[in-house]
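Presented sequentially are two complexes of subunit A, the first with subunit B as partner and the second with subunit C.
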Partner chain A sequence: MTIDMEQFKSTYIEESHEGLEVMESKLLELDSGTADKEAINSIFRAAHSIKGGGATFGFADISDFTHVVETLLDEIRNGKRDINHEAIVLFLTSVDVIRDMLTASQQGIEIDQARASEVKQQLEKMLDTPSDDTATAAEPEDNCSTSGWKIHFVPFPEMLARGNDVVRMLRELEDLGTLDVKADVAKLPALEDLNPEECHIGWDIILSGTATRDQINEIFVWVEGDCELTITPLLDTNQSGSVPDHDAKPENKADNAADVTPIKQVLQPKQTPLNASPAAERRVPGTESSSIRVDIEKIDALINMVGELVITQSMLSQLGEDFDMSRCEKLLHGLGQLERNTRELQESVMRIRMIPISFAFNRFPRMIHDMCGKFGKKIELKLTGESTELDKTVMEKIGDPLVHLVRNSLDHGIELPDLRVAAGKPEFGTVHLNAYHQGGNIVIEITDDGAGLNKDKIFAKAVEKGLVESGAVLQDEKIYELLFQPGFSTAEQVTDISGRGVGMDVVKKNIQALGGSVEVATELGSWTKFNIRLPLTLAILDGQLICVGKETYIIPLISIIESLQIDQKSVSAIAGKAELYKLRDEYIPIIRFHHVFGVHTDTLSLDDGLLVVVEGNGSKAALLVDDLLGQQQVVIKSLETNFKKVDGVSGATILGDGTVALILDVAGLIRVAQNGKFQQPRNIIENDGVAA
Partner chain B sequence: MEAAQQIDGTNTTDMGIGVENDGDQLLTFILAGEEYGVDILRVQEIKGWDTVTPIPNTPEHLRGVINLRGTIVPIIDLRLRFGLESTPYGPTTVVIVLKVIGDHISRIMGIVVDGVSDVYNVQEDAMKPPPDFGNVVAIDFVKGLATVGENMVIVLDIDHLLNSNDLVQVDYESKLRDE
Partner chain C sequence: MTNQDDATPNKTKSHVINCGEFIDITVVMEWRNKLLKILPVASDVVLEASDIERIDTTGLQVLIAFIKDANVKGISITWLVPSDVMRNAARLTGLTDALELPNAV
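This part shows the complex of A and B:
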């Protein structure tokens, strides 16, 4: 039987990531002195699971590395070593390394061995040095004087069912030294009574070599309580002392040769799939499937909702069986209930994809910890509204922009402690992350009580970079918006975390790609606040329905600036072709929508239609459409599922009458219009026959 | 489905030819007088022609997309796809919704044909490879030729024919031919 290891691997990777998060947060607690004894145990357990799983699923690099971390943690846990700031920093680095390794294996790329071994060396160095003075007392009697161990190992029948693999354990033992195994098959039942999922064999194992008791214990740590286990040092070899190992080995081999062979045979077939799996994994990179953990309460709510829907449905069908106009009111009532059920069901289904924003916030304590150390700043992080929920996809995409903004606050915003004291502020700077719902949006605020933005400096810089005219008069908000221009950086000196001027424009672009917006407000010398507004989900969109010819299209409401009737006096055409519309003090290019999309329409003159002024990716355009229909929330359906990406179209939706309407991607549409490569309206060979 | 039944009533002569045999079952349809076949296991459903929502700036044979129970499904006019002259859609015109397996993913697509014809059983070895026409006509979307009674059925390799990456490319080829 071959077991599909892939599914376990992805679960392992996911769980390990969670384990790493636990390690990280507990380590930070330890560092700030708020942790209890339990914290170190949690860290140890997480490391141990990562190591054990790594070895089982063929991630040798990860398990080797984590092993060193775990050993060090074990010493701390047993009180043999004190934990200090230096150790915590090293552990945090190790967490990063393990995380990188996991990500690398997940994506099927090479692990950064150089970094891993460098950190590993540091860990080993720490392991070597102080343990001499603190921990030597316990170890020598156990470990140094014996040249081997006798292990009596009888698993309880149900041990295998808990996911323990004897073969793997024996293989690990084999790594520690020369192994002689004698199987005790006395308890093995007759074949017809044998339950293949139970283990009835016991083993007497002679391990010769310099393995320590700890190393052996570690292999059996998973099965503690699930087996009979005694480990005793090999006393007779120990007594003879100077007798070299070579003498003992042949003797043992002769004794046990007959028993050893069958076990080796058992070992062989099982090894093959294990060895083959890493290669198999590397062959299929990019087929990463993601899963989500859903609160059981949400599922229960969903089931309730479906129950109600079924009741409403049966009520309606009963009503339909013998319907007359006298029961019309009842029908309307039923339909109202159906609508309510449907909406609630939709909301609950959407809620499944929602996860609390703490997933994105959790990385910041660590980041601030690291950066405070690096820059000698004193910063306190305040998190509020962590339980505010938003769509998983939005969450994944907002992570990096958030990191960037927080980094900026830390690096450029908060001043050094002595500067702060001189300015009459508390020594500790505060960075406040806040999230809350507002309408159909989530708002994330990043506030720091640092130096604030200097608008004169920003303006001067923008002039220097040629982003604005030197004489231009700009409102304050406009000046702050310059921060989001590509190539803009006011930091006097570029540090390794920010100030390269490649961040803020990307931040804004990413947020806009999610259909959100970002604003900045500030007061010089006291605070800066970034305000990010995002839609709760990417699955639903507020849209304006427009009509061109016979077709209906949807423009995302967020891209529309205004809609207006055309005043012919404001229209001018450059060279008779490029039409412009003068809107207050701006000239906006007119895009004749039916041209770009090749739609038949009777509205060919500007007088008959309406202009919808839209903005996408920073450029504005006025779309000529036949009519505006209405605004509604639409469910976004992908065109790519069964077709492919189409320029100017971000997706499709299904209207109330069951027909498909395309959702416009304004930025793409403007691009298509600028390229000028579009089709003539098609010949219509509509359903003449069917209609006939 | 009503359309399909309607056609079954009018067009087909022998119902259930060779239904009892083993081998691949083909659903055949008529297009410009020729009979074409597709693997019946790939057919999701057959529906009457209905209005589509056109997709801008796509090849002409892509008529548009429809809503198939909440999924957006592209509809391809096979006459235009083969560079044939298009005719008005009539009462027998149907959309055959097919499952197309491309690289890594499978898609649902619909093809517009003149009418469905029949279901045949064709043994794998009874199918002949198409002759080589060189560069005159690109026929790599033909899986083989099957003979049923007196008639020839052109068995299509729909994965090749409807792979959306090919859509644009083939359109280019047919334009070259036209010129």
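This part shows the complex of A and C:
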């Protein structure tokens, strides 16, 4: 029988990304001094799994590279080598290399061998550097003259069922030296009582030869936590120490048992309580993945909902079999229940796609670590609301805009330590990422206690770039919004992080593409806060139903500024037949909706219709529609998947009466109208009284 | 798993058990059930193990449990040409005696 390894590769890559995240977060903890010795064991285990899986699933490059990382980590965890900042930086770089290798393998593109080779050489160079004397002295046991090892090994019953096999392990052990194995079968139950997949045998093993503890640990690392294990050196006869005691009588075993320690304690001699950092449980989003891990509770909730639905359906069909008007109230009650069930089921299904925002936040500790090292800033990252959930697709798309905003805070916001101290601020600046739910949206705040935004400077720059007139009077908020104009930057120096003026407009555009918004608030010299508001999901949106001719369309509520009845005096026509509507101080182009979509309507005069003022990608337009119908949540169906991409339309939905309604892409619609790339409907007689 | 005999009420019958090519965790439960059926009816058992190409800890363990129970019931056990794989697995795990395997190859 051959096993198709392909099916496991994506799981391996996904789990390796998780392993890399553990490595990264623990390395950062080590660097900041908040981690204990257990951290290095966690890092080692993650590297070991990545290496092992890489070899198994045919990723030889990944396996070879990680092997060197693992070897170095092994020396550190065994106390043979100290870990310092230089090593941590190298390990973090190695994490990046492995991540890139995984991504390349996932996408079927070439691995950057040059970079991998360069980092591998650095790792090997570090390995070749003699171990620190002090560190070596910390583990005298490993360096005294040993003639072999005594290994007491008692598997827990479930160890074999987890794919471990003592025969294989002892075969590997025999490769390290001469074995003398004594098995204890006293606890083996009678065949009738035996669960043969459980292990009931224990072993006392003498391994003679020059094997090192590391080599032995390597063999037992897979059964860590699944057995009792003690490994003690056999000292030379002129030294005191443990002596093999094969002749110990069974009754002595009870005494010996007191010395038996679970493997975790043996392999981690300097174990102290774990620093329970939630960072360790987070995952870094490497690439956008096509699978999602779902909490079993969410699945259970879904099953419960389906159960409820089946009961309601059964009740209704029973009612339908023998229905008369006297049972009308019961029918209405049943339909109400069906509606509740459907809504709850919908919410449960939507929850499956929801993942905590920590997936997006988790990349920032590393980013801040690197930036601080590079620019000499001292920054503390504060994360709150990390468990706030939002749709996986939104999460994946918000990652880059968030990175840009945080980079801006690091680069332009937080001052250098001496400047901060001079300004009476703490030496360490703080960047605070916070997330919470509010009214069906998720709000993400990025706050820094840096220099704040200088509105005079922003205004002057805007005047210089011709974005506003020099004499214009703008409210503070309007001035700060200028930051999101293309090419706008007030940074005195362009750095490789930010300051080129490229990005903030893209940030806003990306957030708006998700149906969200971004605002900025600040106090000069004290703080800046970016406030991002996003829908929880892209699958459902709040829409305004409008009517044009016999058709119904949906405008996303978030795009609508206001709706109004037309005042003919405010309408003016300019060359090219374009019409403008004067709304307070602004002139807004009118888009005759039926023109763009080629819909026949009787509402041809502006007097008969309504204007819906919308905004998309920073452009405003007034849509002429026949009527406003109502507002409702709609489930978005992809038009591209079911039909084809249509400019000005982002999707479709099915209304309560079964008809299909198109959902408008406001930015696209404005673009289509501006380009005039649409067919005017035939047989339409224009009859507008347009004021000149 | 191939076995030349099936459970039979004839207590005096000699049972030859062909151990097949492998006894591992994937088939060990079947082996346990098979051996359990033999215990009440056999007077002596021959374990034919020349074909064994793979045996893991669970396989060794189920055979030891069978042999221990057989000893209690006075059933004699004889190995017939155990394969090198079988011998080596027993030696490595220190279970040669418990399996009552002959020491000489």
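Quick note on the criterion: the second predicted complex is superposed on the first by the 515 of 692 C-alpha atoms of A that agree within 3 Å, B and C clash if a C-alpha of one lies under 4 Å from a C-alpha of the other, contacts with A are read in each partner's own complex, and residues count from 1 in each chain.
Basically, contacts are C-beta pairs under 8 Å (C-beta built on N, C-alpha and C of every residue); 3 or more make two chains touch, one makes a residue touch a chain.
Since the structure is predicted, the reported quantities are computational estimates derived from the model, not experimental observations.
Undergrad: Just to be sure I read the superposition right, which of the two partners does A:672 touch: subunit B = first, subunit C = second, or both, or neither?
TA: first
Undergrad: Tell me which touches more residues of subunit A here: subunit C or subunit B.
TA: Touching more of subunit A: B.
Undergrad: If you stack the two complexes on chain A, which partner ends up touching A:230: first (subunit B), second (subunit C), both, or neither?
TA: In the superposition, A:230 contacts neither subunit B nor subunit C.
Undergrad: Does subunit B (first) or subunit C (second) touch A:179, or do both, or does neither?
TA: The answer is second: A:179 touches subunit C but not subunit B.
Undergrad: Quick one: classify A:170 as touching subunit B (first), subunit C (second), both or neither.
TA: second
Undergrad: Kindly classify A:201 by the partners it touches after superposition: subunit B alone (first), subunit C alone (second), both, or neither?
TA: second
Undergrad: With the two structures laid over each other on chain A, which partner does A:565 touch: subunit B (first), subunit C (second), both, or neither?
TA: In the superposition, A:565 contacts neither subunit B nor subunit C.
Undergrad: Figure out whether A:661 sits in contact with subunit B (first) or subunit C (second), or with both, or with neither.
TA: first
Undergrad: Spell out the residues on subunit A that touch subunit B in their complex, using ranges where they run on.
TA: These residues of subunit A touch subunit B: 551, 596-599, 637-639, 641-644, 646-649, 652, 654, 658-662, 672, 677-679, 682-683, 685-690, 692.
Undergrad: Enumerate the contact residues on subunit C facing subunit A in the complex.
TA: Going through subunit C, the ones touching subunit A are 25, 28-29, 31-32, 35-36, 39, 55-58, 60-62, 64-66, 68-69, 89, 92-95, 98.
Undergrad: Residues of subunit B touching subunit A in their complex?
TA: 48-58, 60, 64-67, 70-74, 86-91, 93, 107-109, 164-165
Undergrad: If we count contacts the way the header does, which residues on subunit A are in touch with subunit C in the complex?
TA: It is residues 160-161, 165-168, 170-171, 174, 179, 181-183, 185, 188-192, 194, 196-197, 199-201, 203, 205 of subunit A that touch subunit C.
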